[in-house]
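Order of writing sets the chain letters: A, B, C, D, E and F. Residues in each chain are counted from 1.
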Amino acid sequence: MNPKNEYRYSYLTWEEMNDAIAMQKVVLLPTGSTEQHGPHLPLETDAFLVEAVCMEAGRQASDSILVLPTISYGLNMHHIDFPGTIHIEPETFIAFCLNITKSVAYHGFKKILLVNGHGSNGPLVDLVARKTVLATESLCAAVSYFSLAMEAFKQVQDTKVIAHSDEFETSLYLYLAPERVRKEKALPGSDVVGKNLSSDSTSNYPVRFNDFWGRWTKTGVHGDPTTATPEKGKVIFHAAVKGLIEVVDEWRKWPISERSDQHEGPVQSKIRW
Amino acid sequence: MNPKNEYRYSYLTWEEMNDAIAMQKVVLLPTGSTEQHGPHLPLETDAFLVEAVCMEAGRQASDSILVLPTISYGLNMHHIDFPGTIHIEPETFIAFCLNITKSVAYHGFKKILLVNGHGSNGPLVDLVARKTVLATESLCAAVSYFSLAMEAFKQVQDTKVIAHSDEFETSLYLYLAPERVRKEKALPGSDVVGKNLSSDSTSNYPVRFNDFWGRWTKTGVHGDPTTATPEKGKVIFHAAVKGLIEVVDEWRKWPISERSDQHEGPVQSKIRW
Amino acid sequence: MNPKNEYRYSYLTWEEMNDAIAMQKVVLLPTGSTEQHGPHLPLETDAFLVEAVCMEAGRQASDSILVLPTISYGLNMHHIDFPGTIHIEPETFIAFCLNITKSVAYHGFKKILLVNGHGSNGPLVDLVARKTVLATESLCAAVSYFSLAMEAFKQVQDTKVIAHSDEFETSLYLYLAPERVRKEKALPGSDVVGKNLSSDSTSNYPVRFNDFWGRWTKTGVHGDPTTATPEKGKVIFHAAVKGLIEVVDEWRKWPISERSDQHEGPVQSKIRW
Amino acid sequence: MNPKNEYRYSYLTWEEMNDAIAMQKVVLLPTGSTEQHGPHLPLETDAFLVEAVCMEAGRQASDSILVLPTISYGLNMHHIDFPGTIHIEPETFIAFCLNITKSVAYHGFKKILLVNGHGSNGPLVDLVARKTVLATESLCAAVSYFSLAMEAFKQVQDTKVIAHSDEFETSLYLYLAPERVRKEKALPGSDVVGKNLSSDSTSNYPVRFNDFWGRWTKTGVHGDPTTATPEKGKVIFHAAVKGLIEVVDEWRKWPISERSDQHEGPVQSKIRW
Amino acid sequence: MNPKNEYRYSYLTWEEMNDAIAMQKVVLLPTGSTEQHGPHLPLETDAFLVEAVCMEAGRQASDSILVLPTISYGLNMHHIDFPGTIHIEPETFIAFCLNITKSVAYHGFKKILLVNGHGSNGPLVDLVARKTVLATESLCAAVSYFSLAMEAFKQVQDTKVIAHSDEFETSLYLYLAPERVRKEKALPGSDVVGKNLSSDSTSNYPVRFNDFWGRWTKTGVHGDPTTATPEKGKVIFHAAVKGLIEVVDEWRKWPISERSDQHEGPVQSKIRW
Amino acid sequence: MNPKNEYRYSYLTWEEMNDAIAMQKVVLLPTGSTEQHGPHLPLETDAFLVEAVCMEAGRQASDSILVLPTISYGLNMHHIDFPGTIHIEPETFIAFCLNITKSVAYHGFKKILLVNGHGSNGPLVDLVARKTVLATESLCAAVSYFSLAMEAFKQVQDTKVIAHSDEFETSLYLYLAPERVRKEKALPGSDVVGKNLSSDSTSNYPVRFNDFWGRWTKTGVHGDPTTATPEKGKVIFHAAVKGLIEVVDEWRKWPISERSDQHEGPVQSKIRW
C-alpha cells in the first residue's frame, strides 16, 4: 500500500495525512440517508449509492481525492410514516457536517466537496458549503451525484418522473448490488401533481413544497422503477463517476483570491457572529 | 374600505381576521434582503421588488391573498465586503420566519406561501416551508418571484447571465421606481466562471458554491445591467404577478389529505424532536 | 436626490454608504409588532407608529440619522388568543436584531439606536443593546418612542391607564392615518388590577407580570381609546419626534472611551463566550 | 421542626413537599450575582442581600412562602474588567431559571415569584416570568427587592444616585453583615451623565444603555457609599421584607382564569414553538 | 480578616481578588442538586454535602483554595415523579457552569476544579472540564467528592449498594446536620438488578442506564440508609476533605505545557467552532 | 436472504422493518471516531473496531439484533494537533444521535443500545441514553465495547496502561485487518502521570481531566502497542462479541414498568422542557 494513492481519508495515519495535505487532495464528504425507499429498495439506498460513486471516483483519481466516511442519516421527517426511516433535524445535520468541514479546513485542506445522495439534503449541503466558505480560509462546494449523471441517463431513460426509488435509483442499485433489490416488489408510484408544484416537488418545479409522504402514497415510491435495468445503472454510474472526477479537477484548480474590501474606513473584523 | 377585500395582513383588526381565516386566503410572506446591489441600485432592491410583486398580486386577487409585512433582511455574509450589507445567520432567519408561519397556522390559515426575492435565501425558505409542513396542520410552500417571470423575460432578454443587479433586476427597478436607480453608474460585472461551477453559482450550475464576493468583484454586480429598460421591467412585473396569482390559485385548491401510516404496530407520536 | 441627505438606510447604494459611515450618522432600528390591537386598530399599529416617528425624525435630521427597515414582528404569545397575532420567540427576536446591529457595527457605524414601539419588546431591545455593546466596538442603546412623548401627552391626557390600544396609541393613529381606525368600535378595556401588579403590569408597577390576555379581556384593549383625538395624536407625534432627535444628538456626541482594566496580571481576552 | 412552617424549599423531603403544594405556598427564586462591588463590598453583595430579604420574609410568613436556593450568578460581562466578576450569558441564565420554574410548576405550585437582587438581571427575570406563564399552567412574576424598599429609603436618603455599591447597598450590607464591609475603602463613584442616558442608565432614564464599566470607572462604584449607615440599612431591610410579604399575599390570591379564545374557527393548539 | 486567608470566592472584593490570582489558588466550583432523597433526607442533600466538604477543605487549605458559590441544581428529570425535584436540562447545566469557568479563567486563574455531589451530574461536569480546557488557556478538571471518600468508607461500610440516600449519604448527613435527618423514615430501597446493568446503573456496571425512578421505586431510595451512623459520616467527611486537599495540591503543581503541533503545513487556528 | 435474519438495519425495506419491530430486535447504534491513532494505526480505528464487534454480534444473534449505520465521528478537539482528526462538538454529537434514537423509538422499537468505541464519547453516549429514556416510551442504554472485553484481555495483557492506540486496540486491529497496521511504526507513548489524575485520565482515576494531547505527546499514543499480537486481538474480539450478545439478551428481557407518581395532587405533564 502506498499511502499517497490511498483515497479513503480514514485509512491514513496522522503522519500520512501530512502528505495528503501537501498534495492538496480534494476532500469529499458523501451525505446520504437511512430512509424508506419503497417495497423494493433497502433503507440504505441513498447512502449506498453516493458512497459507491465517491469510492469509485477516489479509486480512479486517488492522487486528487480523499473520501471521508459517509454521513448515513439525513432530513427525513416527511417519510416518517414508513417504518425504519431515520430523521435528523436540519440544524443538527448542518452543524454536524460543518464540524467535519471545519476540521478538514483546520488541517490545511483548501478544497472540500460535499457529495450528496439524498434529495432532501439539498438545501442543507448548500448551507454547509456556504457556511464553510464564510467560516474558514478554505473553499467548500456541494453537488448531488445524480445531477452529474442526469444528462447521460436521458439517453436511456424510459419513464418521465425521476424522484425517489424510481427508474434511476433502481437501475443504479441493480447495477451495483442486484442481490439487495426486491425487484418483484417494484411498482410505479405517483404523487399529487399540479402545474407549478407537486406533493414532493422535484427541482424542475418553481415552487418548493414537500408534503408528508403519508398524505399521498402508500408505497413510498415516486417515479416508476419497473423499467429499471442494470444496464441503465451502468450508464448512470460511469457518468456520475466521470462527472465527479471532472468537478474535482475543476475544483482543485479554482483560485482562492484575496478579498478586496470596499469600505473607505476600517471594519470591525473581530465581531463574532 | 371593505375588510374582505383588504390584502394587507396587518391592516386588518383581529375581528376582521376571523373573516379572512373563514375565507381561507393564502397568506404570503415576502422575504427580501438589505444588501449591496452594485453602484447603481439601492440596498433595498430584493425587499422592494418582491414586496411590489406581492402587493400587486394582492391588489388584483384580494379575495384570495393576504400579504404579511416583508422580511427585509437575509443571508448576506458573502457580500459583507460591500458597505451597508446586513447579514442574518441562516438558523436565525429560519427560526424567525418559522415563528411567523407557525403563528399564521395557529390561527387556522391552511395555506402559506413564502415569496422570496433574494437568491441566497433560497435554501432557507425551502427549509421554512418544509419545517412548517412538519410542525403544523397547514401546508407551506416557497417560491422565488423571479422564477415566475423568467419565461416571459427570456422574450426580451439581451444579456446572458442573470444573477444580481443585472439586466433583470435593474429593468424591474426601472419600471417600478426609476428615480432610485443610479443608471449612469451601471456597469457589467463578471464572476470567475468554470464548466461546473462559478464563484456565485446560479441555479443552472450543478455545483452549489458561493464565494465571498470580495474575492471576485469590486463592483458587486453579477450580470449586465447596462441593457436594462423599464419596458423589460414591465414584462417581468406583469409576468411575476400573473404567475404568483396562478400559483396562489393552485395552492388554494391543493388537498390536505390524512396521513396514512404504514406501521403495523403503534408509533410513539408524542416524541418531541 | 442628494445621498448625504437620504435618511432611509436601504435607499443608499454601497458607494453612498461609505459617505454615511464617514458622517457617522446614528443608525436607528425601529422594532414593532404584528398583533391584535382591539376591535378598532389594525394589527400593524406598533410597527406603523414607531416607523412613522423614526421616518419623520430622519426627515428632519437627515444629516445625522439613517433609519433601517422596520422589524414588524415581536414577542406576542400572550396575545395569541386574538386572531392574526404573530409571535416571535424572545431568543429569536434578540438574535435577529443582533445580527443587524453587528452588521451595522461591522461597517463602521459607532452609534446604533433601537427605537421600540411594542411594550413587550422592552426587555428584548434592552438585551440587544447590551449584547451589541459587549460584542462590538460600537455603542448601542434602546428607547421606546412612547417614553419620549409621555411628558407632553400628560398635558392632554384624559384617561388614566396607558397600556395598549388606548387613548395614547389611538390618538397617534388618528393623527397619522385616521382612515384605518375603526373609531366606532373603540371601547374601554380593563385588566385585573392589584396594588403591586396587574394582569399586564405596566412599568409603574414594581412587579413584572404579563398574563395571557385571553384570561382577562375579550376585546384586547388595555386603557380607554374612547377619548382619543387626532389633536392629541399630533401632540404625541411631535413630542416623540423632537425627543428622538434630541436623543440622537446626545448619542452622537457620546464618548467611546478606552476600557481600563483593573487586573494586575494578564487576562484571557481570546475566550469565546 | 414542623415541616409546614419550614420556608426553605430544599430543607423539605419529597413527602413533606406534598403538604407544601397542598398549602399552595408561593415559591420564591432569589436571583443574585457574583460581581465586583467596588473596593469596599464583596463580590457576593447582590446574592447575599436578596437572599437575606427572602429568608426573612420566609421566616415571618412561613405558611405562605418557600424560598428556593439562590442563583448566585448573573449577567455581568460589562463588569469583566474588574477581577473576580462572573458572567452568565443572558440566554443561559434564562434557560437555567426557566428549568427551575417549570419544575416547580410541574409539581403543582401555582404561584412563583422571582426575587431579583442584581439590576442587570432585570430584563432576564422579566422574560423568565413571561416564559413561565406561557409554558405552564402556573403564574410567574418577577420583582427586584430594592424596588420594594425605595419608598422607605427615600426618607433617609442623603445622596442622589442609587445604582451600584452605593448608599443603598452599602447601608443594607452594614446592617446585615458589617464585618464584611471594608468601610474605609468606600469612595463615591460617578458615571458619564447626559440628559436622556448615562453610561449605566438607571431605570429613571428613558434610554436603556449599559457601557463596559471599564470605560468610565476605575473603582466600580456608581453612587456614593460614604454616607451609608447600618441604621439606613435597617430601614431598607424591613421595608423590603414587608413589601415582599405584601406582594406574596397579593400574589397568592391572584385569580388564574380560563383563557377565552376569540377565534371563530379552530386553532392549532398542538404547535410546538 | 486577612483576605489572603479567605477561601470563599465571593467574600473577596475585586481588589483582593488580584491577590488571590497572584497566589494562583485553585478555584473550586461545587455542583449539587435539589432533588428527592427518600423520605428521610431533605432535597438539598447533594448540594449541602458537597458544599460542606469544599468549605472545610477551603478552611484547612485557605492559601490554596477559593470556593465559588454552589450550583444547587442539576440533571434530575428521572426523579420528577417525586415532589419538589428540580430538573436542569444537561445542555443548560453545561452552558451555565462553562460561563463560570470561562469567567474564572478570564481573570487569570490557571487551575479550576469542579467538585460534584450529584451522580447524574457526572457526565456533565466531565464535559464542562473538557470544554474549559479546549476553550481557555487554563486547565479544568472534575471530581465527585464521594469518590475521594470511598476507600475510607469501605472500612466501615455495612451495606452493599452505594447509590442514593443510602448508608453513605445518610451517614454523612447525620454527622453534619443530624437535626435535618428524619431518621425514623429511613428504609432500604431496591432497584431492578441484572448482571450488566440495573435500573439506575451505578459506576461499577459496564452499561450506562438510568430509568425513570418512578418505574422502580416508591420511596426514592437506592441503597440502605438504616445502618447509617454519624460515626461513619465522620469517617467519610474527613476522608473526602483530606482527599480533596490532596487533589488540589497535585492540581496546583500540574504543568501547563506548550502544545506541539504535528502539522507540517500551517493550520487555520482562527476557525470558530 | 431471509429478512428476519438480516441484522443490518439499513439493508431492510420498510415493509420488512415491520417484521423487525414485531420481533422487538434490539437496535444497536455503533459510535466511533475519525481521529489520530498514533503513527501505526489509521484514523478510522475506533469506528472500524466498534463496527466489527457489532456486526459480528449481529451475525451471531440475527434474531435479536439490528445494527444501525455507524457514527464515524466524535468528540476530538483535544487531538486536533494531529493531522486529519475530525472534531464534533459534544452538543452536536448528542443531538445527532438523539435524532436517531428518537426515530427508532418512534417506529416502535422498545430497546436501543448505543455501542461506543471512542473513550471521549463516553459522557456523550451516557447522555444520549438518558435523554432517550426521558423523551420516549422506549429504553436506551450505552456501553463501550472495550469494557466488555477487559476482563478477558487481562488474561493476556502484558503492558499496564490501556488508553489509546495501545496493546489492546492494536491487537484487535491486528486480528481484524493486519494489512492496515503500520506495525513497524508502533512505539510506546506516555502521558504526564500523577496520583489522582493523568493528562488523559482513564476511568480508574477519580479525577476527570483531558488535556490537549499536543501538550504531552508527539506520537499520539497512550499506552504501549509494541506487545500487541493478533492472538490477543482474537481474545478481545470474541470476548467483546460474547459480552455484547449477553448484554443484548439481558436488555431484551428488561421490564418497562409503569411510572408510579408520588404526587398527591395533579402534575403539569404537558410542560415542554
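A few comments on the model shown:
The working rule: a contact is a pair of C-beta atoms (placed from the backbone, for glycine too) under 8 Å apart; a residue touches a chain by one contact, two chains touch by 3 or more.
Keep in mind the model is a prediction, meaning the values are calculated, not measured.
In summary, the chains found to touch both chain D and chain E are C, F.
At the interface between chain A and chain C, two copies of one sequence, fewer than half of the residue numbers in use are shared by both copies. Chain centre most remote from that of chain A: D (centre = mean of CA atoms).
Centre-to-centre separation between chain B and chain F, using Cα means, comes to 45 Å. With centres set at the average Cα position, the gap from chain C to chain D is 26 Å.
The residues of chain A that reach two or more other chains are 14, 18, 21, 82-83, 87, 89, 99, 102, 106-108, 220, 262-264, 272-273, listed in rising order. Every pair of chains meeting the touch criterion is listed here: A-B, A-C, A-E, A-F, B-C, B-D, B-F, C-D, C-E, D-E, D-F, E-F. Of all residues in chain C, those touching chain D in their complex are 75, 77-78, 81-83, 87, 89-91, 94, 120, 122-127, 129-131, 133-134, 139-144, 147-148, 192, 194-197, 201, 206-212, 214-216, 218, 220, 243, 246-247, 250-251, 254-264, 273.
Every residue of chain D that touches chain F in the complex is listed here, in rising order: 14, 18, 21-22, 99, 102, 105-108, 135-138, 272. By the touch criterion stated above, chain E contacts chain A in their complex at residues 262-269, 271-273. Partner chain C is touched in their complex by these residues of chain B: 1, 8-15, 17-18, 20-21, 34, 36-44, 47-48, 68-70, 72-73, 76, 80, 82-89, 92-93, 95-96, 99-100, 102-104, 106-108, 179-180, 182, 185, 220.
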